[in-house]
Structures are given as structure tokens and as C-alpha cells.
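By written order: A, B, C and D. Residues from 1 in each chain.
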């Protein structure tokens, strides 16, 4: 029985280190993982640049394996440290962790799957978790409330934009036709989104006077309707600030690493240490 | 007389199903029509992609005919079900329904008119009616009020933008001339709208130093004046929210399909069922 | 003496018709001039399209002469009708009126000056005067007050943007160099404005990794700083609406043509006629 | 001892002239330096235009030397006039001043370093100091407070945008591949930033249907999320204006050059002279 309790205790401690960030060990673990993730992203980026990869291919391969093994160990530690492993394995981050580990193993068996290591970029999303960004600008924050209040209206807005893009894209397909690059309706709709959002690549652009006239309308439309989501967020956020003028910010206490300080706080509300604002 | 009353009753019921969405049958009818419209749009899109059409041309033709016949039946049902058929036939949606049905019939008589089936995309506008989006974000909503209050100011603004585009477009035609792609004033005005709205295709772009200088002014102008409509909508909407802080949203009651709930409602105000927010 | 008084009276009436819009004759005169200006703009546009001009060159020439003569008569009438002709001749609109009349006469003497008739587009600015747009959204309006209040801040902002464009443009000239299209500093500054304003023609675009990195910073900067003028106008306008919630709008009374009605007015405050809002 | 005091006095006066702008001499000095900086920028720009430089190369070289010597003298005067020269030499402006002076001297020793004179553009930043723009729109101003209050939130926002750009850039690299211009992950990330910020050069653009679909999502995302920073600045600034409705502006008294006047001030609060607003 003592053995089990000891085992549980050991498991509990591992859980603390891996999943929580309240202890010094937990923070160090998170920081190391964060650095390795960033290093792995840089590595994947450098590998994708052919003239750099040509020079250092073998070095990159070794580093890839080191990172893959570290990620594998981390993956299994996460499974061991949790009571219900399934909860982790099938969670959003669990799947991303798996996806960023297996491509390297697959590359031994199948040629050509190596490029999939780039999926590791998805692990960047973990930064949100490690930095607890969600908590920084979190529930207590007026901005998130404003964005939630705007969600329904912005969805309807984007839906309307999509319908406009489909209709005007189809009209442009009939007007311009395949000879000017509008060779299918999906491509015309793509052009219409490129124009409505004011991106304007210029890979497809209208050539006929009528097409250019319709395009002008699409542009002015796109230029004007940006005012709608912006207005919604502005107004909702103004409203939220008025309701709840207390805003927590993202500064850290250099002493105890406590965050969630008030915007005007000069001393850490936890340890009394001075807060430095750059 | 009884016969007439029965007939009327039958007509009345058909009207309920086709034009209203209060009964279960009416909702089902709307949903089926919505799905067929979406399917017909996807079909038109796939047909327009030549390499897909080459493979499945005959299948697409059969599906086209099925959808056309369904739309034809729906069109005649709508005429029968209403007391004053003219009101429907010459209404906005009546004309769109006709336009999205006849091209397929015309394609038997005249070669080359087949492309007009793409006009069917206009039927997407019916989605606004079926989903009653207008009601969801409707009269009671602050956003619509804000947009209506902004309308006159934004029209004057767009009118001023158009005049600026014509004047600066003409100036650029004189400065750059046909040898740099500004080969007519309408084309220069088109370029000016492309630039003012910050779309910037790059199909026409200034080459002379003076032209690039004027273009820079146009860009900064376009970049700056977007602040005007955005500011108008933001301010008007902030004003509307303050006046009438009650906002109805687009969520449905999963039990009775009632919409128009308050933003913070947790239970349906009609049947008392719990409302789920994702 | 009576003669002089009669002459004065005649001059006064002419002034009423040409410079004011309070009488029926004055309104008719303004409307006719507006139509002729619009017709002359369309004419200049059509002339600039070579394949249309090739067909109708002689017709266009006759119409040009008619419009030029009408404009000449109008110009002299304006000089006669005013007590201090110099005040008109050297005014903003006086110079524009002259500039839009003489190019046609010059084209007899000098070959190649014909293109300058396009300067006539400047007469479009008179629309603002004829439609009294300045009065519609005029002094009494919160928007104009908000824009005036924002002017100083937006000027400082644009000045800062220009300095950033010069510095980053110079840096890009050093980084990319003439071989990638950045062949002079002014051209690099032009590129920087194209990028900062998110227009992005793509006529010049960075090729080196370092150049693309700096360009990314420029883009994010340009994308972010648009928030500043927009925020200024939004906030100032919100402020103005709160101070003075009375807004006059641009609707006309269909009976007496009175404008400057309140936003919610249903009847003309002058003649009591119903106001129709579309 | 008297000598030292005299020396100190002389040094003090020099300091007043060079570093302060309170005396007439100080203002004149700042103005002359400002004009020379602007002249040197124009000179560097003209030199970079090859066809102008070919003509006037020797003239430009002489002017370059004059400006360089003036800048050198100014640099040493600044060192002499200050008590702790190190404070100036290693300050931000001290380093810029050095960087804008030495390239011309280096160009004698090393061929090819001449282009570095363009670094002189950095001296434009001194304009902010000379015009005391920081003071004009300075601490007392609501806008700066609003931007400071928004800083943390906008940083988190830009950080999130960067992560999205890296992830979607990587996905596009896998989808489109080197054959469509996405030849490395950094380049794909660059493309993603170009698209997210709605710049859209079109130097790289998706070719595959799936790539165009993902690109459409990136565009709509970029088009929509601009609402977030804009909303933040709008709301914070609205808040600041409400708290502190007193706004100082950038107008000068033409008599005593005093700035920091209230927005509605008609007379200088220092000397009573009329303030002219254009």
C-alpha cells in the first residue's frame, strides 16, 4: 500500500511538473519545452531553404532526431503523468503533439513523408498554453467579452460577405470569361474574395471595361464594409470598458513571476516587489 | 360553396408551407429548398471547372435537369399558392426564381446560353429570406439602426471618393499617358479606385517619378480616409448601444426553434428549454 | 440715373440666377450647368478611349466646341454678374473655370495641347458647390467638427508615417539595391508608401530574405497603425455626437426642396409637406 | 579661477544654444540644423537616382563634403558643450549622428562604402526632437495615453498574428510547394504576412484550388482581425477623452513661439498674441 502511495506521489509530482506551472520545476519544464519548440521551428524553417539544407543536411538530420526523441519522451511522460491518458491523447494538444512527433519516424519507412515534419509548426499553438496568454487577456478582460459579444454579428457579416463573393464572382465569370483568367466559378469567387478584402494580388484582374466597372464596385464595397466589423468591435469594447473599467494586464513581477496585475499597479500585489514597466 | 372553401383551405395550407416558416411542414420545405439551392450552386461551380466537367458532363447534365424541374415545380407552386400571383411574379425574388430556371430550357433552343445557368447563384440571396437573417439582426437591432443612421453620411463620403477618383484618374492619364498602361481616362479612374481602396492589383502602376509621387498621395489619401466611414459606424453604433442596450441575437432554442433571444438568455423565453451557447 | 439703377437691377437679377440657388431660375441654371459638366466629363472620357474616338472623332469635336462655347459664355456671364470681377477671376472656382475652357482654344494654335481638355474634370469640384454638399454635411454637423478636431493629430500622424517611409525606404535601398528594382531612394520610398498603406502593387517587391524580413515589419506596421487615425476619428466623433446629438441630414423636401432636416423629421419644417425616406 | 568660471560660462552658453530651444539663438541653431538635415536627405535621394547623379556627380560630391564637415563640427560641438560627453556619444541620437557622419570619411579609405551615406536618413528622427513632437502630442495628450493603455493588448494581438502567419505559412508550403513559388517556409510565412496584412503584392500567389481556398481564409482572417487593434485604440481613446477632455494641440504662437495651447485657444496664454488657425 505504501508502495502505491509512493508511486502515486511520484506520479503526482510528475503531473505537477509537466501540466502545472505553479512550482519552480514546473516553470523550468515549460520554459525548456518552449525553447525546444522554438528551436525545432527554426530548424524546420532552415531545412526548407534548399541552399542552406544542401550545406548542413546531415547536421540538420541529427538535430531533427534529437528533437524528435525529446518530443517522444515528453509525449510518453505526459501519458504516464496523467490519470486518464485517453483524455490527453485525444485532446487538441495531444493530437498536435503526436502529429509533430511521428513524421520523422515515418520518414524512415516511407520516402517523401519527411516534409510533414513541418507540421511541427502546429506545436507553436502550445505557446498560448505555456505563456497562459489565454489567462493574461483572459475571462476577466473586457476585450475578450467585447469579442464574444461581437461574435454573432461578425459571423452574420462574414456570411453575408461570402454570399456577395459567390454572387459577384459568378457574375464576373460570365462577364470576363476564361480568356481573361476567370476560368471557373470557384476561381472567380477566389478573385472576388481577393478584391473584397483589398488584398489584390493581381494574378487575376479584369480586362474588359464592364469587368473593370463591376470590379470597381466590388472594391468600393470591400473598402466600405470593413467599417462594419471595426465599428462593432469598437462599440462593444467601449461598452465593456465602461461597464468594467478594471483591466488586468500582462506584466510580470520580476520577483515572484505573478501576473494579472492592474494596469496602474506599481507594486506586485502578491510579494510587494516593484513592477518595472518598459 | 363547400368545395370552394375546401379549395381555399387547400390553397391556404400550401401558402403556409411555402411562404411561412411557422409550422413544421413550412420549416421542412424551406430547409429542403435551401439544400437544393446550395447543391445547385455547387453543381454550377463544378461544371465551370473544365477538367471536372470533361469527366462528368453527362452526370452533371442529368442533375441539372433534375434541379431545373424541381425549381420549375416550386415556381409554379409559388404562383398557385398565392392569391395575387402578379405580386410574386414581379417581386424581386420572383424574378430571380424565374432567371434561375429558364436558362436550362433556353439551352435546348439556343447553343451557348448554357453558361447563364450560373445566374442561379442569385438564388443564394433567398438564404437571407429563408434564414430570416433580416429578422435575426432585424429592426430591433442596434447595428441596423446604426447603419441606417450612417447611410446618408457614408453616401456623401462615397460620392466624394468617386469625384476624387475621377479627378485624380484624369490627372494621372495626363501625367503617365498610354505608354504606361493609362490608355484612357476610364481606365485611369479604374486604376485610381484600385489604389484609393488599397486593393492595388499592380496590373497598371505608375512608371514616371511624377506619377509615382501623385500615386503616393492617392495611397495615403485612401489609407487615411478609410478612417471616416469606420469612425461614423463606430460612433453611431456606440450611440445606439447606449440608447437601447437590449440586443437580440441569432441563437435558436433547440426545442421550439424560437429565435430572437436576449444576449444573456439562458432559457428559451417561449418554452423554458435551456439554450446552449457554443 | 434710372438707367444705371435698371442696369444694376438687371445685373442683380443675373447675379441671383448665376450665383444663388434660392429662386426657381437660380436652381434651374445650376441644374443645367451641372448636367453640362457631367456631359463634358463623359465626353472627355469617351474621347480618351482610342477605339471609340477613332469612330466618332468629328462628332466629338463638334460637341467639344459646343460645350467650350457654353462654358465661355458662362464664364463671361459670371464676370459680368459680379460687382468685383477680380474676386471671381482669381477665386478657386474662377481659375478652374478658366482652365477648363481655354485648352480647346489653345488646341487650334498649338498641336498636342488638346489632351489638356481633360483638365475639365476639375470642374467636377463645382458639384460640391452646386449640390451645396458643404452645407448638407456642413458646420452644424458633428462629423465635420470631429474631423476638424482630429486634424492636428492626423497631420502629426501622417508626418510620422512619411518619416518612417523615408527611413525604411532608404534602408531597403541599401538592403535590396538596384538589381531588385529598388534603383533609387525616391523609388524605395515610393515602394515603402505602397507597402505601408497596404496597397501592394507588386511592381517592386523584395527578393532577398533580409529585404523580405524588413518588408514584413513594414507591412505589420502599416497594418497596425491604420488603427490610429481610425481610433482618433471614432473617438472624436463619438464625443461630438454626445455633445450635440442633433444631426441634420441630406434629405430634400419634395415640395419646397428645403434641406437641413432633422434625422427623424417626417414633415418638412418649412412647408409641412411629408418627407419621404427611401 | 575666474578663467574656469568664464570657461564654464562659455560652455554653458554653448550648451544652451545646442541642446536647448528656449533662447532665440537655440531656436535658430535648431532650425539651421533641421534645414541642413533636410538638404542632406534631398541630396542623398538625388544622388541615388543614377541619371541625375551622372550629370552632377562632382557637384554632389562637393555638397556632400560641405554637409559632412558641418555635421562633423556639430558633432564635436555637442561633445564639447556637454559635461559628460559619454552620455551624448552613447545615446541614441549620438550614435545616429556618428553613423551619418563617418560613411563619407570611410569612402576615401574603402571603395564601395559610399552608399552608406544613405544612413544619414536616420538623422530625420532628430526632427522629432527638434520639433519637440513628443512634447506637442506629449504626456498630457489623451492619444498617447490611449496608445500606452492599448500597448499590451496590441502586442499580444501582433504576437498571435505572427503565430498564425507561421502556422498557415507552413501549411501553404506543404500545400503549394516550391513549384508555385512557395520554395521555403520563411518565404511562405512572408507570403502569409503579405496576405494577412492585405498588402498582396502578387509576387507569390497560390495556384492550386486547395491553396486558393486556404488563401481565401487567410484573407478573410486578415480583413476581419484589423477590427481588433482599431477597436482597442478607438475604445481606449474614447475613454481617455472622457476622463480628460482637455487637449493640447500643436499650434504655435507667432509672437513668442509658445506651443501647448488648448484646442479652442484664440490667444496665446503666455504673451496674449492672437493665435492664427489655418
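Criterion: a contact is a pair of C-beta atoms (placed from the backbone, for glycine too) under 8 Å apart; a residue touches a chain by one contact, two chains touch by 3 or more.
Model, not experiment: these values are computed from the prediction.
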Shared chain contacts [chain A and chain B, defined touch]: C, D
Chain separated most widely from chain D, comparing mean CA positions: B
Reference interface A-B: repeating pair among B-D, A-C or B-C with over half of contacts shared: B-C
Between C-D and B-D, the pair with more C-beta contacts: C-D
Separation of mean Cα positions, chain D and chain C [Å, integer]: 31
Separation of chain B from chain D, taking each centre as the mean of its C-alpha atoms, in whole Å: 44
Where chain A touches two or more other chains, by residue: 186, 198-202, 222, 226, 230-232, 234, 236, 238
Residues of chain C touching chain B in the complex: 41, 44-45, 48-50, 115-116, 118-119, 121-122, 124-125, 127-128, 133, 136-137, 143, 146-147, 154, 158, 161, 186-187, 190, 193-194, 196-203, 222, 226, 229-230, 232-234, 236-238, 240-242, 245, 247, 249-251, 263
Sites on chain D touched by chain A in the complex: 149, 152-153, 155-156, 159-160, 163, 166-167, 169-171, 173-174, 178, 183-186, 189, 195, 198-202, 205, 209, 212-213, 215-216, 219-220, 222-224, 226-228, 230-232, 234-236, 238-239
Residue ranges of chain D in contact with chain B within the complex: 198-202, 230-231, 234, 238
